[in-house]
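Heads up, the thing below is written out as structure tokens.
Letters A, B, C and D mark the chains as written, and numbering starts fresh at 1 in each.
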Amino acid sequence: MDEIKKEQTTTHKIGIYLWIWGLLFVLSFFSYMVDWYQFQGLLRWSLILFFMFLKAGLIMAFFMHLYWERYALVNVLLWPMTAIACFVGLMVAEGKYTLFSRLFYFFVGGG
Amino acid sequence: MSSDPKIEGYKFKPGYSGMAADTASDQTMFKGVHWGKAMMWIFLLSDTFIFSCFLISYMKGRASTPVEWPNPSEVFALNAFGVPVPLLLIAIMTFVLITSSGTMALAVKYGYERNRKMCGWLIIATALGGLTFVGMQVFEWSKLIHEGVRPWENPFGAAQFGSFFFMITGFHGTHVSIGVIFLFIYAYKTFAGHYDEGKRGWFTTMKGDYVEIEILGLYWHFVDLVWVFIFAFFYLW
Amino acid sequence: MSEDFNENKTIQAQSSETISGGETGVAPDIDYVRPAELSDQDLYHGHTFITKWVFCQDAKVIGVQYFLLATFTGIIGLILSWLMRLQLGFPGAAGFMTAEHYYQFVTMHGMIMVVYFLTALFLGGFGNYLIPLMTGARDMVFPYVNMVSFWMFFVAVGVLLASFFVPGGPTGSGWTLYPPQAILEGTPGSGMGIILMCVSLILFVAGFTMGGLNYLITILQARTRGMTLMRMPLTVWGIFTATVLAMLAFPALLVSALMMTLDKVLATSFFMPTILKAGEVLEYGGGTPILFQHLFWFFGHPEVYIVALPAFGIVSDLISVHSRKNIFGYRMMVWAIVVIGALSFFVWAHHMYVSGMHPWFGFFFATTTLIIAVPTAMKVYNWILTLWRGNIRMNTVMLWCLGFIVTFVNGGITGIFLGNVTVDVPLSDTYFVVAHFHMVMGIAPLMVIMGAVYHWFPLVAGRMLSEKLGKWHFWITFLGAYSIYFPMHYLGFIGVPRRYFEMYDSPYITSAVGMNEFISTAAFIVGAAQFILIYNIVVSLKMGKPAGKNPWQANSLEWLTPSVPPEHGNWGDKLPVVYRWPYDFSVPGAKEDFIPQTTPPSEVVETEVEKT
Amino acid sequence: MHVGFIFLAVIVGSILFHIFTPWYWTDIASNWGAMDDTITLTFWVGGGVFVAVCLFMVYCVFKFSYKEGRKAEYKPEDKKLEKILTWATTLGVAALLAPGLIVWNQYINVPKNAISIDVMAWQWGWQYRLPGEDGKLGSTKVENINDNNPFGIILEDTNGRDDVLIQSDVLHLKNNRPVKILLRSVDVLHNWYVPQFRAKMDAVPGTITYYWFEPNKIGEYEVLCAEYCGVGHYAMRGRVFVKSDEDYKNWINEQETFSDLIARQKIIEFSETKLAKK
């Protein structure tokens, strides 16, 4: 029962793949430039994250065909990411807190 | 939603009402999705959590160390024509991996079009791209080891730098290597026509089908996807 | 090899109209069910003893294999707990018992019971056996992978038990394996013991992932015709959600085990800060032990629900069948399972209120934790409302269910103590915690397992278990276990910390000596009572009353197979078609007090059945 | 029938056990009465639910046990009842949560006048350090710990000079004066826990954690380690004396400060070198 009875024949035009391919190169180049020009601070972070999510989104949407999949699959795959997002957020806070404690008690001497 | 398969007796609805209808229906929840493909997706979801845990640990470890973190754009710089170019090798590796991801996407497309030759050669190209990537990673590792970077210490700063570097890129590299092995196997199977005639696999009761190329493709794109995050968090941060 | 497949023997998917009404061929419209989307599954049928019973691809055999191996490790865990209780109740009674041994037994008992016993038993054992049967599938979708899953588990258990025989013995760092102490001298088994533990866990996770993918895809993509998600028995829902949790939570365990192995073997410092041991500064530096705790509990809390949710599901079905009444508020029950599962990823640090993490996390995690109490409470209400106005058969299965309700409510309430951040501060790391989690995720799920064994044994073996022995087994276990863990909470109130090898000379603690003796004695009796079950099974396998088809008059598909016990492929040559939920008990107007899921509406037209 | 009676006996037995138990918490000796209150509150609400649910179950057992020929009710759901139960539970849970959060807020915010105490833990023992007249503790470093500097105080930090060093597991506290316990570990996790004070927190190597309380009952108390820390965990005890102002002053004046220690070592070193010269 492994095959779908009706053969899935729809494929996508080659143009869309080439487009995405090109875009990925361009975006990778841009994110490389972020380092090349040594942007710092908030600008660097927002650029890195922006290019990263854009690239990831393009790969998932078009190369992995998620854009054409039905919402049932897409939602099943994306909702668990909220747990990751929560984990990331809390660990950012935790990391900062640990660093603060270490600096405060071991270097500043905040007894 | 142009690629909805046709299923006898089932009417596809678009968007979220379609999602509700799919979920409420009998037999399958992911309509028209091959078992193996669904399985690969769920596996990748699980694998995403593995890599997320690695990267979260790395972030937490790096954020909480008072010792200075080595500057990746200097550590990973390469001398080209006597000038140190930051992240040169990494940039090339990224380029190679994206290239291989593109060829893989095309392989899937030609597979579904039952273009056996084209599909096979594109898989070979993907595998070669993967091999190049692994080769360059070996080069990068040996260069760093030569410079005195070890999992437990390094001359540039916080010891965790080396630990996380070897662990995360090593885990990713393992994924790439496994992918390359499977790419070669699938290339053979494609050329041998297993997918055209529906030959059974070695360990499974499944009949061969070009959907297997897409399943492998999902894995390969995932490896690329992870590299996007590693590139952003490890090399650019 | 192709002759091994049953390619052309089984039906091709039937086209739409001719499903019911049987042989007459004229089916009324109300019985219409969509035709099959997929062609029938090919199965590999084993011929030799090895392929039939050892390296077998039949999910039912794999389920039994999981069950037996998990029970075997569980018995080892039980023996370890006896040794611990011997030390706690009667210090010095066992001459060989040193502090090292005690801590090793504590650790191995905890790890075995949580991971290798309960998780493997519920998901590997019941999951494998029941999922294909209850959803109307021929087998798991990838039988070969499923087989490998079991043998990975087998190897993982082997590695775990091998650690008893390496120099230094098994790890004695507590089942939470907190670094730095897990890998430093001063903790027993900090050499090979901890490495083997990590390796075994990694193998377990890898093996489990293979099985888990199977369970999920079988439930999502291989149900039979007419089987919608909302017509699945709650057992399947519980196992399904638990498996989702496992797929997303085990990665954190894998990562933490891997990083700890590296810390031990390569002397990396993921979790290791600068450490002074015996006047020497060790080579570690800069790591954060709390990171491990976050990773571990990001796995560890969902793990609690990996054990609890299948138990919730199974007990719902048992209560419903034996009360001859539909489960009350099925939809609410399903949503509660899903919501509990989803929320369980946002509560992990309630195990860490006093761990020295960011103090503000207390607010967040106390709130999310107490939110979980609401769907959990709803489930409890629905169980007892199912009993209300039922027609309750007071057999052994029902007794276990009632025992579950009492112990689970008790343990759930104490969970509210520990989840609410301030209340947790005086109680955490005391015997209150030990009592709480044994009650809620030890005894309560165990009650369900026992109930499930008495319920499904007739299906697996074709013979009934002895009711008389079963009742003895239940009362000794229930009363004994309750009298172990209920008083134990009060040890926690006094302030007795966990993981103490010897009890104390402190004035306020010496008063508890008598209680410890009592608890230990009860523990010996309860443990011994479990051998009644083993005796019962062994005897009933040969001498039990033949069960016949559907001895409990249940509705769900597993009882409706053409042969009992079901054969490989489950359904003979025709897959079942489902027309209703599995809880149509005592429907007004029906002749019998149950309507199986495969009964088409046209056969029970005069009944007032609600649409599901 | 007997089934119902046994379950009833279990519930009644649980209540009676709770009423007549000789084992209950120790007399509180700190300001954290609020914690006991939250426990009591949770006990009443939770215990009430437990008893109610179980009694309902027992009632069902008595009333609806199997009778040949009787038919159970067929009622898949009751939206209204479920709604009521959901909201009632939510309210109950919120009522338990709110006080918990309020007290936690007090727990993590240390009062200004609290005395900081450095509690240093290792496998398996405790020692303590109190701030001197400047009211500040000097900063520390694990690498600095040796026989001459048992707390690893950074020598350049002038705050550390007048720190009072207590190289034993016996600590004295002033009655009715809040203390901020700064927990420090040099090897593995520990937890400085006095049941009568109710409060506790892990000591984590590589960082410093804290909590506070205000002792309010003069007496002697036992310190337990409440986080598993290896084979010696169960033996890792200490003692705390809560004393009146005067007794406390007498005690603290007898203790050695860090500069005293340095001076003493200088004398020893001096005499040693003298001896060597001779």
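Operating definition for what follows: a residue touches a chain if its C-beta (ideal position, glycine included) is under 8 Å from a C-beta of that chain, and two chains touch if they have at least 3 such contacts.
Quantities reported herein were computed from a predicted structural model and do not represent experimental measurements.
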| Of all the chains, which has the CA centre nearest the overall CA centre? | C
| query | What is the distance, in whole Å, between the centres of chain B and chain D, each centre taken as the mean of its C-alpha atoms? | reply | 48
| field | Rounded Å distance between chain B and chain C, as computed from the means of their C-alpha atoms | value | 33
| Between chain A and chain B, what is the gap in Å from one C-alpha centre to the other? | 13
| Whole-Å gap separating chain A and chain D, where each centre is the average of the chain's CA atoms | 42
| query | Do you know which chain B residues sit against two or more other chains? | reply | 7-8, 23, 29-33, 35-36, 38, 45, 49, 52, 60-61, 64-65, 205, 207
| said: I need the residues of chain C touching at least two other chains; which ones are they? | reply: 37-38, 41-42, 222, 248, 286-288, 290, 294, 298, 360
| Residues within chain D bordering two or more other chains | 206-207, 209
| said: Which pairs of chains touch each other in this structure? | reply: A-B, A-C, A-D, B-C, C-D
| said: For a test of understanding, state which residues of chain B touch chain C in their complex under the given definition. | reply: 7-10, 23-33, 35-36, 38-39, 42-43, 45-47, 49-50, 52-54, 57, 60-61, 64-65, 67, 151-152, 158-160, 162-164, 167, 200, 203-205, 207
| Complex contacts: residues of chain C adjacent to chain B | 1-2, 5, 16, 33-38, 41-44, 141-144, 209, 212-214, 216-217, 220-231, 247-252, 254-256, 258-259, 262, 266-270, 283, 285-288, 291, 294-295, 298, 578
| task | Please give the residue numbers of chain A that touch chain B in the complex, ascending. | result | 2-6, 8-12, 14, 17-18, 20-21, 24-25, 28, 31-32, 34-36, 38, 44, 48-49, 51-52, 55-56, 59-60, 62-65, 68-73, 75-77, 80-81, 84, 87-88, 91-92, 94-96, 98-99, 102-103, 106-107
| Touching chain C in the complex: which residues of chain D? | 3, 6-7, 10-11, 14, 17, 21-26, 32, 34-36, 38-39, 42, 46-47, 49-50, 53-54, 56-57, 60-61, 64-67, 70-78, 81-82, 85-86, 89-90, 93-94, 96-97, 99-101, 103-105, 107-108, 122-123, 142-143, 145-146, 183, 186-189, 191, 193, 195-196, 198-207, 209, 222, 224-235
| task | Under the touch definition given earlier, write down the residues of chain A that touch chain D in their complex. | result | 98, 101-102, 105-111
